[in-house]
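Since the structure comes first, as structure tokens, the remarks are kept for the end.
Letters are used for the chains, namely A, B, C and D, taken in the order the chains are written, and counting of residues starts over at 1 for each.
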Amino acid sequence: MEEIKIEVPVEPPKELETLFLPIPKDYVEDTYRKDDFLILVGPQHPGSGHMRLIVRVKGDIIQEVIPDPGYVHRSMEKLAENRLYIQNIPLVERPAIMDSANFNLGYVRAIESAMDIEVPERAKFLRTILAELCRIGTHLYDAAILAVFIGHTTGFMYPFGIRELICEALARMTGARFTSSFIIPGGVRRDVEEKTLRWVYDATFAIEKRLKSFERIFIKNPTTIARLRDVGVLSKEEAIRFGVVGPFLRASGVEYDTRIVEPYEAYEEVTWDIVTADEGDGYARFLVRVNEVSQSLGIIRQCITSMPEGRYVSEQICDDVKGNFFDKFGNLVLPAGEYTTLTEAARGTLLFTIVSDGESNVPYRVRIVTPGWLYLRGFMESLKGERLADLQAIYGSFGYFPPEADR
Amino acid sequence: MIDEILATLMNVFRSNSMQIPLIQPIVDYLMQIPLINILVALILWRPFFAVVIMPGLAVLLLYLLYIVWFERKLTARIQWRVGPLEVARPIRGAIQALADGLRYFFQEAIVHRDAHRPYFVQLPILAFIPILLPIAFIPAGNAVGIKTPYAIQLIVAFLALIPITIIAIGWASNNRFAFVGSVREALMYVAYEIPFIIAVISMIYLYGSGDPYVAVEKQSLVPGAILNPIAFLVFLITMLMATSRLPFEIPEADQEIAFGPFVEYSGMLFGLVMVLAYEKLYIMTLLFVILFLGGWNGFYFEPLGDLNAPLCLFIKTVVVISIIAIVRSMYARYRIDQTLRYSFSWLIAFSMVALGIGVVLGWIL
Amino acid sequence: MEEFTKFVRGGILGPIKKWGTKWSLWPVHLVTACCGAELAHAFACGYDGERIGALNYGIARQTNLIIVEGAITRKMARVLRITWEQMPDPKFVIVMGACGLNGGIFWNGYNLVKPSEVVPVEFFIPGCPPTPEALLRGIRQLQIKLDKGVAENSLTFSEIALEKGKKPKVLPVSPKVVSNAPSIVVAVKKAVDWEFGKQLCDRLKAIGRAVITAKNRIALKVEVENLRSAAMKLKDLGFDHVKSVNVIDVPNEGKFIVEFLISSYSVKELMPVLVNLYTEISRKEPKISSLSDIFPSADYLEREMQDFFGVNFVGNPWKGKFILAPDTPEFPLRKDFKLEAESYVGD
Amino acid sequence: MKVEKISRSPIAELKRHVDVIQEAFKQALIPDRVTVEYPRERRIYPDNLRGFIVLDRSKCISCFRCAQICPANAIQMSLYDNFYPGVDYTKCIFCHFCVDSCPTGALASSNLHDMAFRSLEEMKVKATQMTRLPTIVREDKQSVEYFVTKKDWKLQRKKELEDISVLRIIPRIKPRRAFCEEPESCLGCRQCMEVCPHDAIVMERCEITLGGEVIGKGCILKVTEKCVGCGLCVRQCPMQILALKEVE
């Protein structure tokens, strides 16, 4: 019998044209001709953050994911070129407000390295405590989002409950729950009382106790393991090739942590372990961060017990910040050149490059490369070949936070 | 002429009426008033009482208000928080579901441009038919809608109709996520229906009949859950799957496919489709209680008379559902392929074992 | 039908409807920016917005409240409008966070839109981010509004009378000092105690002009033509990923400086080292070969620079806008794109 | 440190199921509740919480420091009998750089943080509205504080209401006054004189001497007693020859 060819006209759905897809028209047509299916996930979707993922699926298997970022691009790099050096401090922490101390730290360290400011020991320890508190907070935040993405609402509530303690600790130390803007060139804005430090010390134990509940109900939950294990695997080679950063890189077996590779602040004076895993799957990425939380708690405790007395801001700048803020910091001018610092923010390597022309008191160019932006490529690659339902699980396991990536 | 019809009806109603000593004086008083008496008689007419009052529609509505609130409250309790409260503080926010329901009722119901308009609107209402039909066959002591020895089989058959309406809802929505949700629903449908039916058949073998009365009577000493614990387990798990509750909330999966088939529904229509799963849960739990927990066997208070059995059945059902509600705060969602694998391997194997136990025990008893 | 609608909306059922809406304000899951973190706190166990009847729910169709969480960008503004239009009546909007009110710290950014110009807004909540209490206060005020029919601020100021004065002739200058003809030097040599760096630097001299700019930092200048071969040679040395792609616009010299910050994960000694492979290209015809096939990690970073500066990375598969919206001004990070200036004196 | 391997055996799986069920039932029976029931009760935040900014007009010296340090340009000075700052809460990000910049402690922070406005216009708070704390809608009957020990974290409820207080820290800065460091470099542009909101700078004619010899006539600026040390002239001077000096 003769085979009859049937030409079925394939028309991509019309609404795709009105949704401003950044992908070319041919791609859409090609998808429909090959009997694939385009699904737009986000930005108004219960399982997406502030971004859109264009997912091409064949059956239930993801063929390719094209990211459409920029829904939270707030023109940070341009704004930083138009502000005084000191005015950029609140600005640079806005990409990830739950991780504000680490973002501040990166920017401030770039200024300090340019101006050769020696930071007093006490300020270094205070900064380390803040950075680690923010790291715990961010990891808990990501764990909560991961939990809600795979449908576990209790797993969402517990970390946010614990985060309240972190917020309270930050509020007691700095005066703000999230955006502390507390780290300034040369030290911190205010000294922290002994009473507050004791409170934070006790809180670390309270957090640990509550984390045990969280571990039983979510971390070791069989459904969590089923959803995350062997899902979105990035091998060591792939992770390196796509430039994945932070805990996600360590989950693939690379021992890279800026705190060890290029130590800063008080990280050399406390003992802690670098957490790694070999599997490189979603569950390893999650577990690495869970273990990092307990390492961070240890760092905070050590910092508080061995907190040195002394100044909280360098004598190269001023004696007392209160009242002098504008006079002492308003007119910082960096020597000409380019200054790059690497910081281990909660989600990975954070890079600040400041280019100064040596005359202006505004930076010539500030380049902010956030961890989210760096591991986006690896995130997209790890989705290939997985099921549609895994999209959210992998998304959560990466803790992708679009405001951080888009800046 | 009308008098005659009324008298005949009255006779029919009175001949098969619920005997409740507690409210007998009130009934007697109302019987003297013309026209009201026919209404009272109708309500007390056993088939009508079973279908419309208890365990039928009236308590179903009550149950809906209760379970939505209770589930949220229990979940909140486990999650270190309070749950609905300020709407009515003295009763711990118990009318929260009413507020939500009223809000849905008065909200605009949007039928979007791409939907298949007639089906989109009709299907949520049509979906009630397979929900209501099994109620007619579920007996509670003397109160029964349609008495038949094949009641259990019929209930199972009608339950199997519900997913079809959900798939149709997804089709009529004409949305990507609704489409994916419908496909998932269809896959799940096959996956849970087989072990579910086998588990029920095993119990039918065990009791030797599809008649709920026989089943309940045989459980007067030992409940079915102990007689056939594996069928009990399989039934429980398939019930979670059939009513798409966590960890098997796969067709609706709001974080993955945004409520799947129901993504485009709004206002009153969404209110209707949202309670669909709860209603299915209610019916399945009624069946569950009859098959495994001794049905209406339980307390007997003289003044309640015929009301004892429906009340007992209803209380057992609500208690079971309240315990099941805890699962929501315990588990994450499994993936579709995992669920299918579990149900086509483990669940079917278990249900076969249950069938074996049922056959053997049925032969011994 | 209209009469029926009228009856349902007002009529004797009005109070019931009002009551139902008041205690069932369900915010839709539309996270627009970072204030979402505080929104989550307000609905998590610390504050539990469900107490006052607000349950965060998935999809626009089934909810009746949008909480705009901070910045609305040009891309997101469209989504906000679509979401609002998908929502059934009656619907409300609360805006939280300074970015959503008037831009906040991003007030003169090029990519921000005010939500109050996109959708009608009921309440505004200041803060960056506002505390969960403030958000719950906003929801409470909305409930009170539904009750009373009029919107009220949650606070009343006690004002004192002061007479207006006359403006002086000269207003204070801006504290900003911006050089008119800046000279940009990327590689400023610095004497550091770093033995390995000196050896490495000697090895890199075969590729281009290598300068140690700080500890663990080496600037390596190559010509445009040699960029790819230089990258290849670096890869052979053990450098395996790109941490940053940067473009510096120097209009007074008519050039772009393009930098690739390259580092290594696989070789332990090279881990802290950051090699700044840079080159200069003409500002008129900004064209440079892409390194995304040598280092796949550079791919998205290059696309971003394409958006920001209009530098054409030849070989990068992506054409068109990646991170910016279709209606964002062209090449906003070039120096000739100016932002609105600050003013320090109000009326 | 490597993360521990998770066993795949069915028994371990079953044990994890049991753990989950145990924990859920435990919480259902004795919940570790941590909810602050906000409209009904207020959480006590530390005194240094950065909230609504209050202005003490008598201390304000119209120095513009707050307006110029503000990263969001939310503070603008309005002219009454003097320049006073007004905070535009549509932009304010509560970083309190302004409070830290205020050399006299005229700006202070309160821990009032729950605000909701119906319109954007009303959020532009003028100096006349900032002098006293606004009255807010309060529905709270009690206050809550986080109480943390090494063992656990509890909510301590107290009957007394939280008072919304103003934390006023006076900076340790002595009164200052402007003076001219190099009068010979003065251009005579009079920018300092015109920018001064207090009319504290006057120009006086004088003789210009070079090596003890009078070579001509010119003018010299003189800072009078009216100077409050705001430093506007210091920042305005194109030659950068003015400075602030502490006075005894």
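The rule we apply is simple: a residue touches a chain if its C-beta (ideal position, glycine included) is under 8 Å from a C-beta of that chain, and two chains touch if they have at least 3 such contacts.
For clarity, every value in this text was computed on a predicted model and none was experimentally measured.
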Chain pair, A-B or A-C, that carries the greater number of C-beta contacts: A-C
Most distant chain from subunit A, judged by the mean position of its C-alpha atoms: B
Interchain centroid distance [CA atoms averaged], subunit A/subunit B, Å: 46
Subunit A-subunit C separation of Cα centroids, rounded to whole Å: 14
CA centroid of subunit B to CA centroid of subunit D, Å: 60
Approximate Å spacing (C-alpha centroids) for the pair subunit B, subunit C: 49
Of all residues in subunit C, the ones touching two or more other chains: 44-46, 48, 51-52, 58-59, 105, 108, 128, 131, 175
Sequence positions of subunit B contacting 2 or more other chains: 78-82, 85-86, 254-255, 258, 329-331
Sites on subunit A at which at least two other chains make contact: 45-46, 84, 90-91, 154, 157-158, 161, 164, 179, 217, 221, 330
Pairwise touch network: line, ring, star, complete, or other: complete
Touching residues on subunit B, where the partner in the complex is subunit D: 74, 77-82, 85-86, 326, 329-331
Parts of subunit D lying in touch with subunit C, wherever the complex brings them together: 33-39, 42-43, 64, 67-69, 71-84, 86, 88-95, 112-120, 122-123, 125-129, 131-132, 134-137, 139, 191, 194-197, 232, 235-236
Complex interface listing, subunit D residues touching subunit B: 20-21, 24-25, 27-28, 31-35, 37, 39-40
Residues of subunit B touching subunit C in the complex: 72, 76, 79-87, 93, 96, 98-103, 105-110, 254-255, 258-259, 263-267, 270
Interface residues, subunit C side, partner subunit A - complex: 28-34, 36-38, 40-41, 44-46, 58-60, 71, 73, 75-76, 78-79, 82-83, 99, 105-106, 108-112, 128-129, 131, 175-179, 182-188, 213-214, 216-217, 219, 240-244, 246, 248-249, 259, 261, 265-266, 271-272, 274, 276, 295-301, 304, 308, 320-326, 332-333, 337, 339
